[in-house]
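Next, two complexes with subunit A in common: one pairs it with subunit B, the other with subunit C.
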Partner chain A sequence: MDPLLAFGFWAYVLTVAGVYAVFVLGLQVQLGDAGLLNFGHVAFMAVGAYATGLMITNGVPMLIAIPCAVALAALFGVLIGLPTLRLRGDFFAIVTIAAGEILRIIIQNRQDETGGTLGLRRASGSWRETNNTILDWFSGRGIELDRRVPLLVITWVVAVLVALLLRHIGRSPWRRALRAVRENEDAAAAVGKPVFNLKLQALALGAAIAGISGVLFTLLQTSLYPENFEPIVTFIGFSILILGGIGSYFGVVVGSIIIAFIISGVRFLDFPLEADKVAALRYVVVGLLIMGMMAFRPQGIFGKREELHLDG
Partner chain B sequence: MDELLQTTINGLASGSIYALGAVGLSLVYAILKLVNFAHGDFMTLGGYAAFVVNVTWGLPLVVSVLGALVVVAALGLLTEAAIWRPMRERGAGVMQLLLLSLGFSFVLRNLILFAWGGETRTLRVDNTSSYDLGIVRISLLQVIVIVVSAVAMVAVALLLRRTYVGKSMRALSDSFALAEVSGINTRRVVTYTWILGGGLAGLAGFLATIFTVLTPQTGWVLLLGIFAAIILGGIGDPFGALVGGLTLGLVQEWSTMVFAPTYKEAVGFAILILALLFRPNGLLGHATRTG
Partner chain C sequence: MAESSPTILEVDDLRRHYGGVRAVDGASFTVQRGSITSLIGPNGAGKTTAFNLLTGFARPDTGRVVFEGSDVAGHRSDRVARRGMVRTFQLTRVLGKMRVIENVMLAAQQQPGERFVTAFLPTRWRSREEEIRHEAAAVLEQVGLSEKAEDYAATLSGGQRKLLELARALMARPRLLMLDEPMAGVNPTLGREILASLDRLRHETGLTVMFIEHDMDVVMDISDEVIVMGEGRVITQGTPDAVRSDQRVIDAYLSGGSGHE
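And then the complex of A and B:
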């Protein structure tokens, strides 16, 4: 089989890109609008994923489990934000990373409930059957779809809806106040803006969006493992944000596709090297991309320089 | 009581490694305002340098320590010349440098993975001997780690307090601009900072290698604990970083008397969060410099 022609493979890579896009839209709200450097973003994705998986495996219907999982991710955002949002930027980054690691270690250790390192099996419940129903419906009308297409479409529809929602919010006084906080916290407070509440709302909104990406991830992978939620996922998210551009939703989409292709898509290239060496080179490329962007175009491909606040 | 003493010894050994890593990272931060996310991978490279000298070339363990020190210090100087100095001269902000170092950590860690593969490596070291001290046992490796770290720490303290270079470093960490106008050769001090910070990272990487095992992830995994140690001790204070590292190691080991050992890391991070909430200026309580 020529992988270049293997439609299912590319559908998978694009679905991964879509999950990343949703994940990074959450980061975009936090860093782009509110100036919050959240290095523990993957924790919110983990809450969304494991909450979905645990509810579904315990018999809660999917349509109830999913919104609950997203709400729980937002709640976790509030929980993390309440004690930490008063900290300085670099402290906040390190505390959020630590909070994410605590959550992952707990998931890993509570093997009886979460499956631990053995994984949470059938976390997506009856999604496979639903998927087959959708495919049958189309083939009944003479359209034969690859089994990966429904989730691909759903993921990108969700990504576009989230982006549209954010753009809608973007025209609101709320986002203007948020950006005022980002530009100058003291000045925003002086004109009566509730600085702390605004930051907390941005963190919770970003967390809810990451929770949605966790739900999509669960549907894609069907089994969940703690190592899916290591800090590296957050940093891949940051590479996407840096590449696409802080402040640009379109940039997030383009960045996600580029990074997903580098990380998952180059498998089809036939390197004369062992698999782990090729894997290593992929991340070398990601690292060089981050460095190159930071050195020569810190605002990203589609970002605006005046949107960028990297002075800490 | 026996358990308390035993976990104390274990904690001192693992805390020494955190402390060595933290002091190096803290020096670089204090003087260059660089939150170096690649510091853990600097340590890993030190471990592999020692591995090459000790196992590939078959030279004695003592020589391999020197290999680790030299290679990592050289890497520090190289990145200073190629990345950090040019970026500072272009007026890069703290977060820009932080994200740049994050990118560099990806590159370095995966080049190490590319060069040596993902297998677990060990040095040619006696890892079975231990001494029975009546109520507790201490292994030869624990003795090596604690003694070597203690010697290195005393040397760093003397360097910072007694020598001209050390005093210049402290002056730069107070105010780069003031130090420069008062005639200190800042460029030379920055060079010494990388030699010292890189050398300490190399030493920490060597000790982490003999004390645990060496993989391309060794240093990266320790990095968050090292950040915790620095914050516990008060950012930018090398002496505080030492106290923070030892505290972290001790609390993690003591926690195994109450919780399962698999929660050790989580306990360390919980301590970090509590410390930030209640003592944001560090355990020693210095006023934080801002700006």
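And then the complex of A and C:
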């Protein structure tokens, strides 16, 4: 069948977009609100994913495994933050990228538990059966759904809920203090704001949100591989953030959809190239898009232009 | 007990060096509760460094900083501020991408909505937030920045930034307000008005003010006490009249540093 017409394929792409949207909402809290340059964000997604997968494959019920996995991702954020958040911003960025890589290599090497490069099979446990139950329920009422629809809906419901929750605390004094920390730590500290705690909270909240994206990723892929969590995922996240606009939750949603379509859609362009070169081409397209964005609309699609030129 | 002591701040043998530079080299002085105490000295005398050491923005090598009866030397800056010692910066630090009024509102104390969990429960912080907004507007009025309330702080001029620093510090309701050259770059008439309003404030609320200033007329005019620093040490401390006629002070200004700006 012509893939451009295959509903299931585009449902898959949109689900990936939703997973990215959740992932980048976490990044938005850290970078957009607190100014934390976290280049190892994918590690929190990996914790959420592997914690879910490992618990489920070891017999923990899914509804217990999922919240635990999210909590573990937040805890991992605290663990990374405690020794590093007092460092200067650029050092923090370097440490986070290293921490992410170390975690991935550990996952790769602990083959007995994680399956290593062979993958953690059936990480989503009984999700497939649950999915079938949902599909049967609908077809019992005369509605035939594509098997990818339930997760598509769940993913976007979660993404919208996370965005709404963030908007809910968007006008709170807590976020004002966080933004103050982003703007100038000394100024915030001089009027008694607990700078370190605020940064730790933002890091942990962003990590928990990335952990949720890891859970969704697990349900989507059913098997987990270390290479799913390479640094490129973080940088795609940053591309989405730049595209959508730093500071805008809605921008994250739109940016995720655009980037997911580029990354999945490029393969349909008819280039006289080998498959792996076409695969590399999509990152070229993303790169060009970001460069163009920087040149012509540096605040992103939904960012505030007036804030861009304000310094100090 | 500590509350009623006439001394709000007692600094004893404070030292801090940077490489070979002894920025603060055994400074000792006291600040009386309810006083306006100025800290003067030539450029590079160590005044700003002393402020940094007192307020937790730099760690003393040795020495004691007894504020309201307890030693806060080496404590984190935000904790010192919450105890009631709030400083401004010589080189202003405004929150550029936040509005002027937000810069001031930030400084409010006792806002439960600043805690992560409470942030999710607007009913727990909304009413306090309204109070804070009114209070912030009043403070902006006091420093003459009302018209700028809704502007981004980054658009303020140098003098306006000084005023915003002052507003932010006042909003924190400090017990000891520490101002690092608050009048530098501020229109002198407005500067004097503000000093007069600080003078009123300390009579009304018992505020203590310590400030660094190079303008001798202002210093001699408003201070109860003057502390003179030179080369990291306290040369003398006393009333404006006593300090003015002190030969050591005159020598310090003639020999050390580059004197007036």
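Annotations for the structure displayed:
Here, the second predicted complex is superposed on the first by the 299 of 312 C-alpha atoms of A that agree within 3 Å, B and C clash if a C-alpha of one lies under 4 Å from a C-alpha of the other, contacts with A are read in each partner's own complex, and residues count from 1 in each chain.
Here is the rule we use: a contact is a pair of C-beta atoms (placed from the backbone, for glycine too) under 8 Å apart; a residue touches a chain by one contact, two chains touch by 3 or more.
In this text, all values refer to a predicted model and were calculated from it rather than measured experimentally.
In the superposition on chain A, no contact is made by A:H41 with either subunit B or subunit C. When both complexes are overlaid on chain A, the residue A:Q201 reaches subunit C alone and has no touch with subunit B. Look at A:Y283: by the touch rule set out above, it reaches subunit B but stays clear of subunit C. In the superposed model, A:R179 makes contact with subunit C only, not with subunit B. Judged by the touch definition given at the top, the superposed model places A:G192 against subunit C, while subunit B stays out of reach. After superposition on the shared chain, subunit A has more residues touched by B, the comparison being subunit B against subunit C. In the superposition on chain A, A:R148 makes contact with neither subunit B nor subunit C.
Comparing which residues of subunit A touch subunit B with which touch subunit C, the overlap comprises 310-312.
Contacts from subunit C toward subunit A in the complex involve residues 55-57, 76-79, 81-82, 86-89, 93-98, 102, 105-107, 109, 111, 113-116, 118-120, 122, 125, 129, 152, 154-155, 168-169, 171-172. Remark: subunit B residues 35, 83, 87, 92-96, 98-100, 102-111, 113-114, 117-118, 224, 227-228, 231, 260, 262-263, 265-266, 269-270, 272-273, 276-277, 280 touch subunit A in the complex.
Subunit A makes touch with subunit B in their complex at residues 37, 83-84, 87, 89-91, 93-95, 97-99, 101-102, 105-106, 108-109, 231, 235, 238-239, 242, 274, 276-277, 279-284, 286-291, 294-295, 298, 309-312.
Subunit A meets subunit C in the complex at residues 165, 168-169, 172-177, 179-180, 183-184, 186-196, 201, 205, 306-307, 310-312.
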